[in-house]
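You will see chain A twice below: alongside chain B first, and alongside chain C after that.
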Partner chain A sequence: MSAAKTTQGTPGAAPGDTSRPAPLLPGRGNRSRTRWELLALLIPGLIGLLLAFILPVLAMFRMSLNEHGTAGALVETISIASYQAVLSDPFYWQVIWNTLVMGFGCALAAVVLSYPLALFLVRTTSKWKGVLIALAIAPLLTSAVARTFGWIAILGDQGMINSVLLALGVVETPLRMNNNMFGSTVALVEILMPYSILAMISGFGRLNPALEEAAGSLGASKFKVFTKVTLPLTLPGIFTGFLLVFVLAISAFVTPRLMGGGRVFILATEIYNEATQTLNWPLASALAMILLVVFGLFILLYQRAVKRIDQG
Partner chain B sequence: MSSAQAHLELRGLNKTYPNTESPAVDSIDLNVAEGELVALLGPSGCGKTTTLRMVAGLLDPSAGEIVVNGKDLVGTPVHKRGMGMVFQSYALFPHMTVAENVGFGLQMRKLPRKEVKDRVQEALAMVQLDHLAQRRPAALSGGQQQRVALARALVVEPTLLLLDEPLSNLDAKLREAMRREIKQIQQRLGTTTLFVTHDQDEALDMADKIAIMHNGVIAQYAPPEEIFDRPATRFVATFVGKANFIEATEVVGRGGGRYRVSSDLLGTLEVEGVEGIEAAEDAALVVRPHRLGVRRRGESSAPQIGGEIVPGGPVVPGRVVDSAYTGNVRSLVVDVPDGQQIMIDELTVRDRALAIGDEVEIAFDPDDAFLVGSR
Partner chain C sequence: MSRTHIPVLGAGASILMLATACGGGGGAADEANGEVNILGYAAAFEDNYTAAVLDAFEEETGITANFVPAQNSAEMLGQLRSESGNPTIDVVIMDTSVANTAIAEGLLAELDPAEVPNVENVVEMGQNPDGYGPAVTFDNLTIIYNTESVTEPPASFSDLWEVPDNSVAIPAPPDIQGIALTVLTADEIGADYQQDIQPAIDRLAELAPKVQTWDPQPDSYQLVTNDSAQYAIAWNARSQFFSDESGGTLGAVSPEDGIAFQVNTINAIENSPNPEAATQFIDYALSPEAQEAFAAQMFYAPTISNVELPAEVAERVSSPEDPSIVEIDWAWMADERDGWTELWRRHVIGG
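Our next item is the complex of A and B:
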């Protein structure tokens, strides 16, 4: 009986061996074909990215290696003179520092202000949920320029707040809330909040009312439920919101320019000045490259942080 | 692990959700003795989850009392009730390991680190998951997640264990294994348990007592055998098991839950029934399909019921109109004279298959008929 089985098994295995590569080959072919098809789908996007992002950045990098002649003429060369000029000048270090401080300030404020809103919007069972979310991001319908002028009307020396305070005699001279970092930050936070709300709402996917109830049933007070369950589960959303606002804030130009009244020195405004006023394109390009490196660093940090959260 | 045995009593517990007319839970009373496992069984939407959430403290009752060991807990927040709850979705914390999940309740009770570790270990051993302590819930199968949820709820030595459809996300085989496991652990620890399910097999298998819920009220509260053999209402009879109803035309009470019942189909019988039935209107005899005997008309042998010979009960002629084979059991539908159809489940026997169109005789045993009233 067992002998019969073996004799039956052996010839059975032989054709199996010869036929084995056959089904595998088309399989492998299929897989690589679909892989190429998927890559082909990316081509239009990649071409767009190449034309609109990679080539300009390369051109900018090339420009940053040129020199600014004494007569203001552009000298085609390969040198790191512009980078040296930036990095050896305390003023530009101050500008980089200002940029980072403003970025952090905006991101922190926007996240703190958006978090309760986003939590509420995610949790509400109201039939108006959709409308409420639309309302929260409705400010995006107005241009940032218009909203910045709105803030000038509120925070300016003759603005709403100062008029009221002066009229009430609370202050003698107008509070300086405009033409400085404070005004720029306040306006930027308000302008960027819709982005952080959106980022958080989409990042709160792991939150689930049953988890908070389970924590409660296991003896966690409301505060403990928040610190042990709600906060850890919403951290990815918080990080995404923070990064998004940070990146948008350090690259913002219109609002710091208008609210800063020429007295807020950050990378975006300095790049603009060098490019359009001084006409020192190599220096402007070097500053832009430095800003790009700052972006890159923070995106790296963000990815590290998110990975850490996912793993523990 | 041990358990301080608790006694649970619901008194007139009511929940009416805002903007709804009728209450989701309508003034129910329920008494769960120390160490008992009670199943809340009913169709979807009958108010089981609402009841359980009120007991847990996740939902405020509109009225009534939740008394545990003589103390009314209404108003006590969820985290101070000391109950253990297993959610339908398990609700394991995705950002914690299995051990951290199980230890969460002990941590909240501020126990020393060493004790937390030991008790987590013990609880995981109880559900045979000690080897997976450092895994994340996402890396566990459904059955394993279920067991972690159970260990997490039990490790705190809860006064009450509350389970909301804990097995409904598992496949059939695993579900049966988990039934036994939960039941064994519950019996070993002696934890008073309230178990919500819409699955009658689960309730019959696991529960010491079953509370059948229907439209927010408890239709019957009794041990499984009694629910099945002596259903309190038509709803209970149809919801738990299959039931034939034979409408009564005349009912005479004989005291002690016994009645003389006349019906067009069966003539007059002496049967047991729900106490307090006064009129024949809407009263009916419940007869379970598997308690009926059936034979081909003209066959000489007596009809068989569960292997026993019928002791001279009524016999009704009929004609098979449907026959479904399910392996152990053949389910027949038979047209009988008064225009009614009778369901019969007979154990399959070799060389005997009643087919559609066969003329048959159905044998009733009065002891297997039970009278239910209008409700």
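Our next item is the complex of A and C:
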């Protein structure tokens, strides 16, 4: 328990040292000036955010209020026709549902597969720890397009898995593992796993081996130590990893496009089709705004969940 | 504790922002004398059109012709929309249905027949009734197959209903190849596509088990050449071109049951920086030498009546006078495409 106590002390302070750390904002007179300095430091970032995110989103919102005229012409107006078209059509509700299911599926699978890896990487005392972490996230060095084509080579009708199954006589015709939701999800999970590993490693800050040892020495079984100590302490990291993979999956375009075979209807592919094929930019913008709202809702849910864990 | 998530969330948000900021501006040459900027299809079209037409135009006129590539007509429309106040493009070669949209938005300029005399040689099917740019290339839907794995090549679109399951690649609507197949299917079963398309949709639903992908990636030609799919529907010009490129592994069939034409128009841009060079180029593009050269180079059918193709080229392109052409009203289709796409998704792909 002494280790636990130490972690609650001031970082860097020697045990028993009762001196207070130097205040970050010395003196009342300097406080407001420092605050302004901090705000000034934020300005470049805020300008970047304004130019690269807020203004484009506002422009997209404005576009979503236009209408799709005859011959595909863009009609400048103020109308909610595109939102009505989306929300009154069961097909688009199905698209939103597909998007959420794919996002949840990818996030769940990525978290389950990444958790043991992240736990190992956090705990290992190997001198190769840095190399092992680099290896875990090394796939990020390769483009998602290249990795998606790699999965096509593995899951395709004449891919590695089907070739082996056919050669062994396990199946008579190739299994359909590509050009559908299954293939898209498998590839997305692998592509997004490095993100969940990274998120979990950074979110496992509360995990303290001393607590697990203490629970073990008090008679708890390994399973009980995991469910009562390790899992609750790593839950914030799990949530962060889940959220990150979820938002990346529901906005993913390349992999569902390349591996969906035209059978995977999700918001990202619909936005692409409306923007580049049907030329209905207002509808594409309305779908993009809806996707943004879905993002916002889930980030809100995530923050509430993390808050409850912190309070608990 | 929640502080530990802020950097991760921040990193996630940055990744999302970067992922969504995928637009790109096509830079084109600024205003200059003796220059014309042509927006058209990238890759094989760009290479072959430059070799067959742009280089010869430069040699003949001394005007520098710059090809500005785009992936598809929609991307071209996006560029024209974004620079409508200050265009950098003079001429655009784009699909007729998208050109209709651009005309409706005032992005394209009418042509003066006195300045573009070759327009009068364009066949009737390629003329624009309102005086905008005419057709510059014709192409038609065809069937491609892998000559090494297919022993009995299909002769018509209806043969696709008889091939093994999971062997066909079909770009479904909103891709216009899927739209053209729908029209041909309606024609085959004797239905008028502008009156009632449901019978054709029902017939296409029977094709679904044969289809491996409704969205061939990277494209039908690659899938068939490497035998990932054994059959596909595709455009004739690229089919012939890739048949040669693949050394005959990809075979192209001229279907017996109907020809559906795709039309690329050549248009002048409203308020373009080089309007005189633009009209000069359009006139050259419609000349017999340019039309013949590009047909020989990439098997796009000429759109003018006063050109005679060498026999070896003529047999590999469809003539606009072929009696089996099934005419498609692409202007009408622009308003129906969304509805057809939805029918496909509900009854063909999902069904």
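By definition in this document, the second predicted complex is superposed on the first by the 283 of 312 C-alpha atoms of A that agree within 3 Å, B and C clash if a C-alpha of one lies under 4 Å from a C-alpha of the other, contacts with A are read in each partner's own complex, and residues count from 1 in each chain.
Heads up, the rule we're going with is that a contact is a pair of C-beta atoms (placed from the backbone, for glycine too) under 8 Å apart; a residue touches a chain by one contact, two chains touch by 3 or more.
All values derive from a computational prediction rather than experimental measurement.
With chain A as the common reference, chain B sits beside chain C without any clash.
When the two structures are aligned on the shared chain, A:Phe242 is found in touch with neither chain B nor chain C.
In the superposition on chain A, contact of A:Asn208 is made with chain B only, not with chain C. By the touch criterion stated above, A:Tyr83 is placed in contact with neither chain B nor chain C. Looking at the shared chain after the overlay, A:Phe298 reaches neither chain B nor chain C. Residue by residue along chain A, chain B and chain C are tallied for touches, and C comes out ahead. When the two structures are aligned on the shared chain, A:Trp151 is found in touch with neither chain B nor chain C.
Judged by the touch definition given at the top, the superposed model places A:Ser217 against chain B, while chain C stays out of reach.
When the shared chain is aligned, chain C comes close enough to touch A:Phe91, but chain B does not. Looking at the shared chain after the overlay, A:Pro232 reaches chain B, while chain C stays out of its contact range.
Look at A:Ser251: by the touch rule set out above, it reaches chain C but stays clear of chain B. Taking every C-alpha atom of chain B against every C-alpha atom of chain C, the smallest gap after superposition is 11 Å.
Note: residues 206, 309 of chain A belong to the chain B contact set and to the chain C contact set alike, using the contact criterion stated above.
Across the complex, chain A meets chain B through its residues 206, 208, 210-211, 213-222, 224-225, 228-229, 232-233, 309, 312. The part of chain B that touches chain A in the complex is made up of residues 56-58, 77-85, 87, 89, 91-95, 104-105, 108-109, 152-153, 156, 162.
Chain contact summary for the complex, chain A toward chain C: residues 52-53, 56, 69-74, 91, 152, 156-158, 173-174, 176, 179, 195, 198-199, 202-203, 205-206, 236, 239-240, 243-244, 247-248, 251, 257-263, 265, 273, 275-280, 295, 299, 303, 306-307, 309-310. Residues 1-2, 4-5, 7-9, 12, 15-17, 19-21, 72, 74-75, 77, 81, 97-98, 100-101, 103-105, 165-166, 171-172, 174-175, 212-215, 217, 227-228, 331, 334-335, 337-338, 341-342, 345-346, 349 of chain C are the ones touching chain A in the complex.
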